[in-house]
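Note sheet for the following structure.
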Amino acid sequence: MLEAIEGSQAIARAVAMCRPDVVAAYPITPQTHIVEALSRLVAEGEMHTEFVSVESEFSAASVVLGAAATGARAYTATASQGVLLMAEVLFNISGMRVPLVMTVANRAVSAPLSIWNDHSDSMAVRDCGWIQLHCADNQEAVDTTIQAFRISQETELPVMVCMDGFVLTHTLEPIEMPDQTDIDGWLPPLEFDRRLDPSDPKSLGTLVSPDFFAEVRHSHHAAMIRALDVIETVDDDWHAMTGRRGGGLVEVAGDPEAKIGILAMGSTFGTLETGMEHAGAQAGRARLIKLRAFRPFPAAALRAACAGLEHLIVIDRAISPGLGGVVGTEVAAVLAGAPDAPRIHNHALGLGGRDIPETIYADLMTAVADPDGPAFSVFDADLTKLDPEDR
Amino acid sequence: MVILTRGAYARPGTSLDFKTGNWRSGEAPVHVHATAPCAASCPAGEDQQAWFARLQEGDAEGAWREVVRANPLPAVTGRVCPHPCETACNRAALDAPLAIHNVERWLGDEAIRQGWTYPVSAPAADAPEVAIVGAGPAGLSAAYHCVRQGLRAAIYEAAPEAGGLLRAAIPQTRLPRDVLDAEIARLLDLPGITLNLRARLGRDVTLDELERDHAAVLLAPGCQANKAWSIDGAVPVDLHEGLNLLKEFVDHGQLPEARRVIVHGGGNTAMDLCRAMKRAGAEQVTLVSASGLPGPETDPSDVINVVPRELEEALEEGIEILDHTTINRLILRGSRVTGVEVMSLRKLRGEDGRAHRVGFEGTERVLPVDMVIPCIGEEVAPEGLGALIDHGYLRPRDPAGRLTQERVFALGDARGDHGTVAAAIGDGLRAVRALVAELEGAPASPDGDRVGIAPDQLNLSYYDHSARVAAPKLRVEARTFETEIEGDIGRAAAMAEAQRCLSCGNCLACDNCWTFCPDNAVIKTVELARDGSHYLFDLDYCKGCGLCAQECPTGYIRMQS
Amino acid sequence: MAEHDPRGERLDELRRKFGREPLPPGADQKELTPREAQPRFRGLESGHRACQGCGEALAARLVTECAGPDVMIANATGCLEVFTTAWPQSSWRVPWMHSLFENAGAIASGMEAAMKAKGKNTKVLAFGGDGGTYDIGFQALSGMLERYHNVLYVCYDNEAYMNTGIQRSSSTPHAATTTTSPAGKERMGKRHLKKDLLAIVAAHHIPYAAAASVAYPADLQRKVRYAMGIEGPTFLVIHSPCPLGWRHDSALTIEVARRGVECGLFPLVEIERGAVTNVMPIRKVRPVTDYLELQGRFSHLMTPDDARAEEERAHLQALADHNIQTFGLRGDTPDAGDTQASSSVGRGGHPAGRV
């Protein structure tokens, strides 16, 4: 049954359905509504979990790590500065191969201070060893959140579910909320064999010498690569139960025969879809590629999705100053060497909450036609606002 | 091949695979059973620390059995010994030495009350028999140790009763007869001992006969002859010699009458006599002694040779003591003494490097007296011993007491090198031990380390302050010729006093090493470890930090390469 | 000290509680080695890589052996973590996790929340050094205390960052030298005071916060047992000399710690709900120089005829006197809990340890 529900409330209810033992979080815009909603569910007795209101994101991540290490199902959520404050713990969690789920309500990173949406936060921790899934809309966010618990359990890797701050978290959309009994059947109890347990007392978080460190990192990488299959299988399984897909690794929409493709992560994908519908024939139809799994990076699926393209516009919602777009660079790397690799047009846009209008579609399609167009630009930057020296 | 665990977790306790003992560059801890100073200084050869350990465990009979390994007469020594053990006791560095003497006495009395018997079995009927001359403390001890060692003993005693000096010359106020009788009877009841009374050497039996008929001869005749005493050749006509006087008093309770008495000497006989004379009615009794009273003024080697407790009691009773003083001249009216001239003197090191007593001109003074009693010591009565006597004594050529003749030993006061009951008892032990080794053709077992562990080798932080027990004592007015002056401390006080023992040099099983080892390299054992402790050092993990040795209260652990 | 029963009913009970099968009969028939037969729980096993005479290793062993085995530990980064768990080996026989330097309080909070969620009463311990507690982990500790997690936090205080090579922390005492507070022409070691962490912790109004010393193991273990019995946050700071960092002989770890208490610089106090409820009286107060003279980190204070050294010594003496006065540490009459009675031993053990 469809309900009109705010993204944050929907996430909170999805998390509750997964019956986590421990939730720890620290408020930060635009994640706040999720934490508040969870607190309310606990307060009303609708959710039986140890809700730990910590004194920082650093502790939020630490608390869920401590809890998960004992074999408890644990969850946290944050955004922006919170992600960065957690950074040290994020590496720690994945390095110990502890299953855990976290929602990131994507937001820009200060300075200058901005409370609005872009992907600077999750990009900043792209190498922290977590699975990172980006959701295009709130239905996908709900489905992905639930799937994330299962992916995490099966892979013994932590999963970061990214959803755009405000754009999704604070937006009312009609959502099909799953049934609790379905979830109870679909999501098996967490069996973490390496859990802290007085009857079989293991030591976690040891010091590893150079003789074994490379092997630790290799095995982590190998686990991430194997997780590609798990993400797809779990999505298939979800589809079998709900009839919906969470988005797999990569999803393709628009014109499959188009020679121009546009790749995006998160809610921008929806804007592009609508923009294409509304732009009319003059702008032309593109192949729209939605990258859901940013980590592990689905190289093969991307190559397949991009087959036959001459131009690929890659949209980044963050910037790596001095390089350009991270997604653009990575996609280019994956496609490089293929005989028919498309030309990559990498644009950062919508930084720090800059509105991404539907018309962006037509503008991108126009720009791609320019043979002298830059390999990378901050597409929606108005340089006239800058002192000439700073342009 | 080590296989990486997921997330690099480790299994419990696996660090045991890592032998940190390899880090130990220098020293490792070892258990060293050092001699406690009490034991090191005990002339009787007791290990007080060992029997205090039994008492600390609440086992009084076990403690007594430890005592009688060396000393068969603890109720006696617990009364008459000058207890060098207490002087040596390391507890003095903390508060006050243990009242070892009083606890020993309680143990001895308790054994009599409870009828405890020596843990000794009868020697074989054909076991070698040893002849023992004298049934004083040395002879009795020798007989006892013979039996302990599986030998038989035949004692030849000139007097009609066994006991020697204990019976003849120690007043009842210090050693009640029932106590003495009980301990001697228990000893003489041992199988394998025959006692021949009224058997005087040289009259009833000869040394040659004894040598011929026995596996060995142990001579413990004591010192029965007074040393000749005169002042520049003057001897009062009514001279009473100290030991004889005391023996008469002890035997018949009679003392000559006198108003002002001077006793000349510095030993326990002199002191006993002073007190007896005072109690018998003398107005003024003065001890004139060349040695000094204990104190900072007196060199420890020149202290008056009296049990400290006896000295204290004598002063309580009004005995005057002129220390560092000698008699210069007797003032006689006719042949009766009316006064003495005394003079101060000191023991000083002369040009030859040896100590000499030097009198100081100008310190002479005259004391009016009507009796002078010399108590300057005794020597061996020569009867039957003839050529063995060397300058008054049977001077042995080794600590076991061997004389120049084969298998003839000298014990006790007759040796001339020491003069206490405890030493006499110890002589019995040492002589028999040496004799047995000789009979078995084994090398003489070396005498143990006679140097006691010093207080700076202990860790005194671990001992709480605890007051020394005070023995009850008769008030001066209540003291008589018959009643023992010092009383019994009782079981509770004895047990409490035992808890004060520091256990110097021996494991207390206090767990400090086990508790403080940062490396778990000290293993506690349920049964006693081979070295008598309760702990093992696991050198696989000992890094040699030395904490256990540093924090061992008793100095039982040492770091050694 | 509870008798450890390595293969008995307690283990079966624990295994059942954590969803594991009890060991099959016969699995407990093997002959125990003397090490296995120790009459105490070996929570921190031999083979760890601590330096000779390490006070922290000793303190952690004392805590673990009387807290275990039904515990789990969150351990901050530091010497203790490094020397106990060099993969593939671990010295621990209790579930143990090291995450980061500054989050032991939060990791422990999470463990405790999980135990609560699962209805288990396994006690959670958090271990940290002074760096991980007084400094970088201070916030996580405060959060843990404020949220009233049922955790015993133990700070092994060796008064500097020893793991990184002896740098000053906020716990380093005034005038002590470290590699970042060296003594020189212009400076006499650390310029600032040792942080009064116990007071700050106690200000959280928690049920129990106490100071202990490795020199008084029976007192230390009594405090651990007391804290273990409390449902709620408890805190124990343990003075743990570091022979390497304090520059004293490895055999003197206990002696140094003892003098630290006896001079008044490290008062052993117990605070319940913000109120001082017990102190260890000092039977015989020693001058601080007795404490300083054993340690190289204070050697610059012992230079004769140096006015600056004299002033710093006087300063430290004044700090000790201040502690003695503030907490009434002078024990004029013998007391069963004073410095002397707390360390006295008898045949068969420590009288206080057998209470």
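Which chain is which? They are A, B and C, in the order written, and residues in each are numbered from 1.
Keep in mind that, in the parts below, contacts are C-beta pairs under 8 Å (C-beta built on N, C-alpha and C of every residue); 3 or more make two chains touch, one makes a residue touch a chain.
Values in this document were obtained by computation on a predicted structure and should not be read as measured data.
**Q** I'd like to know which chains remain joined to each other by touching when chain B is not counted.
**A** One piece, even once chain B is excluded.
**Q** B-C versus A-B: which has more C-beta pairs touching?
**A** B-C
**Q** Taking CA centroids for every chain, report which one is farthest away from chain A.
**A** So the chain farthest away from chain A turns out to be B.
**Q** Suppose each chain is reduced to the average of its Cα coordinates; what separation in Å results between chain A and chain C?
**A** Averaging C-alpha atoms per chain gives centres 43 Å apart.
**Q** Per the centroid of Cα atoms for each chain, what is the distance between chain A and chain B, given in Å?
**A** Measuring from centre to centre gives 91 Å for this pair.
**Q** So the centre of each chain is just the mean of its C-alpha atoms; given that, what is the distance between chain B and chain C in Å?
**A** 50
**Q** Can you list the chain A residues in contact with two or more other chains?
**A** 96, 200-204, 206, 208, 212
**Q** Could you say which residues in chain C touch two or more other chains, in rising order?
**A** 84-88, 90, 92-94, in rising order.
**Q** If a residue has to touch 2 or more other chains to count, which residues of chain B qualify?
**A** 2, 8, 10-12 - these are the residues of chain B that touch more than one other chain.
**Q** In the complex, go through chain B and note every residue touching chain C.
**A** Contact set of chain B toward chain C: 2, 5, 8, 10-20, 23, 53, 56-57, 461-465, 499, 503, 508-512, 515-521, 523-526, 536, 538, 540-541, 543-547, 549-551, 553, 559.
**Q** Using the touch rule from the top, collect the residues of chain A that touch chain B in their complex.
**A** So the residues of chain A touching chain B come out as 95-98, 156, 194, 200-204, 206, 208, 212, 215-216, 219.
**Q** Quick one: which bits of chain C touch chain B in the complex? Just the residue numbers, please.
**A** By the definition above, chain C touches chain B via 34-35, 37-40, 42, 44-55, 57-58, 61-62, 84-94, 217, 243, 249-255, 258, 334, 340-341, 343-350, 353.
**Q** Give every residue of chain C touching chain A within the complex, in rising order.
**A** Checking each residue of chain C against chain A gives 11, 14-15, 17-18, 20, 69-72, 74-75, 81-82, 84-88, 90, 92-100, 102-103, 105-118, 122, 139-140, 142-143, 146-147.
**Q** Quick one: in the complex, what on chain A touches chain C?
**A** Residues 21-22, 24, 49-50, 52-56, 58-59, 62-72, 74, 88-89, 92, 96, 196-209, 212.
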